[in-house]
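The next block holds one structure in the form of structure tokens; read it before the comments.
Chain IDs A, B, C and D follow the sequence of writing; residue 1 opens each chain.
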Amino acid sequence: MVRIMTIKVAINGYGTIGKRVADAVDAQDDMEIVGVTKTRPAFGCDLAVRKGYPIFCTYDDADRIAAFGAAGYTCHGGLSDLLEIADIVVDCSPGKVGASNKEKYESAGIKWIFQGGEKHAMTGNSYTSSANHTENLGVEGTRVVSCNTTGLSRTLVPLYEHCGSLSVECTMIRRAADPGDSSKGPINAIKPVLKVPSHHGPDVMTVKPEIQINSMAVAVPTTLMHVHVIVATLPEGHGLTTESVLSMWNARPRIVIMNGSETGITTTAEVMEFARDIGRKWGDLHEIFVWEDGVKLEGNTLYYFQAIHQESDVIPENVDAIRALMNTEPDWMASVAKTDAAISSYNHL
Amino acid sequence: MVRIMTIKVAINGYGTIGKRVADAVDAQDDMEIVGVTKTRPAFGCDLAVRKGYPIFCTYDDADRIAAFGAAGYTCHGGLSDLLEIADIVVDCSPGKVGASNKEKYESAGIKWIFQGGEKHAMTGNSYTSSANHTENLGVEGTRVVSCNTTGLSRTLVPLYEHCGSLSVECTMIRRAADPGDSSKGPINAIKPVLKVPSHHGPDVMTVKPEIQINSMAVAVPTTLMHVHVIVATLPEGHGLTTESVLSMWNARPRIVIMNGSETGITTTAEVMEFARDIGRKWGDLHEIFVWEDGVKLEGNTLYYFQAIHQESDVIPENVDAIRALMNTEPDWMASVAKTDAAISSYNHL
Amino acid sequence: MVRIMTIKVAINGYGTIGKRVADAVDAQDDMEIVGVTKTRPAFGCDLAVRKGYPIFCTYDDADRIAAFGAAGYTCHGGLSDLLEIADIVVDCSPGKVGASNKEKYESAGIKWIFQGGEKHAMTGNSYTSSANHTENLGVEGTRVVSCNTTGLSRTLVPLYEHCGSLSVECTMIRRAADPGDSSKGPINAIKPVLKVPSHHGPDVMTVKPEIQINSMAVAVPTTLMHVHVIVATLPEGHGLTTESVLSMWNARPRIVIMNGSETGITTTAEVMEFARDIGRKWGDLHEIFVWEDGVKLEGNTLYYFQAIHQESDVIPENVDAIRALMNTEPDWMASVAKTDAAISSYNHL
Amino acid sequence: MVRIMTIKVAINGYGTIGKRVADAVDAQDDMEIVGVTKTRPAFGCDLAVRKGYPIFCTYDDADRIAAFGAAGYTCHGGLSDLLEIADIVVDCSPGKVGASNKEKYESAGIKWIFQGGEKHAMTGNSYTSSANHTENLGVEGTRVVSCNTTGLSRTLVPLYEHCGSLSVECTMIRRAADPGDSSKGPINAIKPVLKVPSHHGPDVMTVKPEIQINSMAVAVPTTLMHVHVIVATLPEGHGLTTESVLSMWNARPRIVIMNGSETGITTTAEVMEFARDIGRKWGDLHEIFVWEDGVKLEGNTLYYFQAIHQESDVIPENVDAIRALMNTEPDWMASVAKTDAAISSYNHL
């Protein structure tokens, strides 16, 4: 029997997203982490050491590389050294350096994946498991879309596939800061994103161009999750009911549907507590959360809320994207099932 | 020359709304406060004493009335005594007692105004200055609609009047607690209102039935203002542009339009600071606030944000409603002008 | 060689504290969970099922017990049934029912542990690992002190043991709500606890009577951790320096000391992120967190800050308390080492 | 009868503090505003225009001055021009430019007042009405101490004057951002000020060197007020009781004492609502707020809480400082009474 080679994955940028992608990749049996990069020998290096991920410097500069050793960490070289031993690199750097990084990855002759902070125009391709796995099979590089686009695709793509057309208005109520970020506000205000319509919704069209979507956004003083307020207009003759929409979503992966009044899970605070209770690492919720009793189809208009865990819903999508680019699993549902089963193994329960 | 008699106004419930309505009425030259009610001799009585408003007890019970005297306040009697000397009563009680109060007002043979916490079904009429002043002329009683309905009417009614039809989806991002309320949360969460669509938007149809509107709502951890995210669909041939919509709103009262990037007023925190800076009592903003750079008309779809100061935007509407019911000013624009000019006299600048 | 019998532990109240204590007990090799109680077949039962903990009803009422079966859960009986098969019960019920529960435990002839929400006067004994393990050896029942008292004891007891006397003023800045509680406020206020001095500090004297301590408290709008601001007056001739105090604490268990400016961990947000990063289940931090650069000994006055993870710092203390009452481990440091090593096994890293 | 000349006051920096000082000065009959400075023709200029305060440019640069005219504001010149027509300048600039400004003021030969953001070492003198008015009579320049030092002095100085000595530990729970500042966090964290002891408390010694005081500070997610938690050690034989301390404070100006349980004013949210209710401009509270039921004298230790309205408690102190430096009122209590009576005239009630 032929054993597929283990895919060698580099993580460029071992921060909030990078550390999560690394663990998700590490949990898979068809891929492995060959190294993660840090700009300097800071606190995050300890995590890499605990996990056994080889540390590389984000830069090829000899002095910067040496600084790691001086701080007591083994540094295995610069980014170029890492790229040489990898089949694919997942770029989790803080953004704005995408274009110059892409050149390095292409020079190294390996495949590459950027995150949603980069623009589609730069990468040429975009990816989310539920929308366009097939279109990304074997391509040189892609962009895993943002947490918001990922979440929207999970509920909108099946609706689109059923209806054949779809028009959506989405209001995004965004958490204003990350849970570990104590510098950003506001403490007591609502901040509208005055660029109207916002860029968030239309980004869905980079993975499913047929869905018509606009969005507006506000930032609010919370650190837990984003909430999407969605009004979708279905075409005449859609044949759906509130119940059949819920059934459709229940049949799809990475959507958790719960009834708020029955479970007491009525806000994002209780959703996050639920994620901790079920033993999720970092308290993450890779799935989007839909309140069953907040879904209502009236005529052709479908109303619903969904909550998005910003730093984690894209994590399993990166794993699937690796398989798509390496062309090792053409079926998106099969990849998702494999990814999620492996990730579950590192949760507490 | 005939001098219109001064309208004698009773305020039943001297709390957050009642104290504001009292001052707004007191500032007018065609009406006066003949009394305000409190349930018991509590802290709020001091404000009434300072302003010179006669205090009455919410109940006719002799012991309860006597309790005021024991606490050092002059109490002029029970609610029945107050209703006897009034032409009209503005009910600012905390709600849920509307129906039984209405009976008392009708028995006393005076006109009455409820607030938006009561249902249209109970009052039969609803009122907001910009929508249906004429329909309320001379009626026995009405309901000044909620802060949200009031604010929505200010921008939607002129659009409707121009276009002849209008279809609206509104997402309401609500402050979860009043500024002086320290008991309610959430501290760090977003809470969707799972009743979908919410009751907030459709309430506009009680004052302007021709506007088609639905809404969804979330509560967020802030105490300052609500924000409405509005997507309005105009009929074909509307003939409007982003600029002409702004001009239309500028010509209407009680709408403040400012450019966020030019003024630095980019969140509800800065809006409220602006209200304090211009000397508004309690830091109130009776007007709704629209961000100029957050308005965008694309084809037939109009996108905009507006901020609502919950406890104050309905205050001048109560004054106008008094004139409508007493039939002393048939022209809504004239009443609004008179009301606002008088209120300005008690602001700081 | 004689093998100590496995201690059979019942958890009465499987909520925020109960679920954590259950998992900590379950991780030990010298004790096991024989059952947990729920008042009704609610969401929390699923967690018990996942973990394999037998479910019992908080009440002995047959109808209530049957309700679990109707909801699809296997219920093994009422509280009395559970107490019959246990050696010791950890009471994690929401409080105010302590006295009546104690009677049940005594009737059942088993040992019992209450939490800090109950009063010392009711239990007669109080316990925290670092202060009075020995005094609790073999007693019938005790109270594991509150999160605050537990945290204070960890840093103050070694100081007292070194100095022979100690006088302390502590200001407690309390998180106003639990992370999964979206109903409590304030959203934007500071709430002083007007009972002065507060009960929090003096509770330390239930486990170490020789420490003189008073406290004042405020609640603030955060859901993460409490912070203690401590001013300790050492006796003349204490012979300590800032550095030797830090060394003393470093040698004690369940104290994490980190430098804020070096690690960037400067607020409770980053502390909690650190707990998630190191893979702690629920993102818990059983240790108290002391900022190294916030410790300063000036003459006889020691200033420092410590952060307390409210729902988790008492968890390992309950395990130690079980051993103290069952008299299976007389050495507190040995018990702590055993407890913590076992708990680590269920963390992610 | 000789009429004292009206003191000509310049305000250098017309922002949060400057606009308040300007109005407070403007309300006095013995002083007048001769000009306020802005760095550029921004939104704040409108306020100056409404109030009739002449606008000057912070810089003497001709282009910058001309920019005001281009934006439609009359600019009367640069800072030098303003200083020429003033007797005294109140520096309300954002800080860090103190030293260079002082040179300009000295060159212009006029008196000057800085705010608490500048260091005592730079100004040589410090001022707060309740502590050292006499020591500032006729001096060339001084510094009105910070909101915290001002508030601490109000309650501590009378205690010191009674007792002859005083030793204080103060924990400051600071609002992390201004009410109109939406950029600063944290949203959900407590941030200790790791410099221990903090500089806040000892600053009291710049106005009353005999008081021994140390402090520690934390920032919390609120925008309303700071709260001080104070533990004061009185000397033996102090002869005070909780009641006599309250009487002492009641006899002093700018201290509001209210009972939390009787009034329902139990957090800073309700305190600020009270300030709005009594008609204070901007909702300011120039007084410090002490909870009567949070004061407790036990033996020689006095415990209490006080709340500080950051941007307003120093405002009347600036007016008093002007009189001290101009040597027009040697009696601090007389100046305070005059200042406060005049300010009341611009409040709503």
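Here are some notes:
Just so it is clear, contacts are C-beta pairs under 8 Å (C-beta built on N, C-alpha and C of every residue); 3 or more make two chains touch, one makes a residue touch a chain.
Everything numeric here is computed off the predicted structure, so don't read it as measured data.
Ranking all chains by how far their C-alpha centres lie from the centre of chain B, first place goes to C.
Between chain A and chain D, the superposing rotation on Cα atoms measures out at 180°, rounded to the nearest 5.
With centres set at the average Cα position, the gap from chain A to chain D is 49 Å. Here the spacing of chain A and chain C, counted between their Cα centres, is 36 Å.
In terms of their C-alpha centroids, the spacing between chain C and chain D amounts to 44 Å. Each of residues 179, 181-182, 186-189, 191, 221-223, 266-267, 269-270 in chain C touches at least two other chains.
Remark: chain B residues 169, 171, 173, 175, 186, 188-192, 194, 196-197, 214, 216, 218, 220-225, 227, 229, 231, 260-261, 266-270, 291, 293-296, 298, 301, 303-305, 307 touch chain A in the complex. Chain D contributes residues 19, 42-43, 47, 50-51, 179-182, 187-188, 223, 263-267, 269-270, 272-273, 276-279, 281-283, 346, 348-349 to its touches with chain B in the complex. Residues 176-177, 179, 181-189, 191, 221-223 of chain B are the ones that touch chain C when the two sit in their complex.
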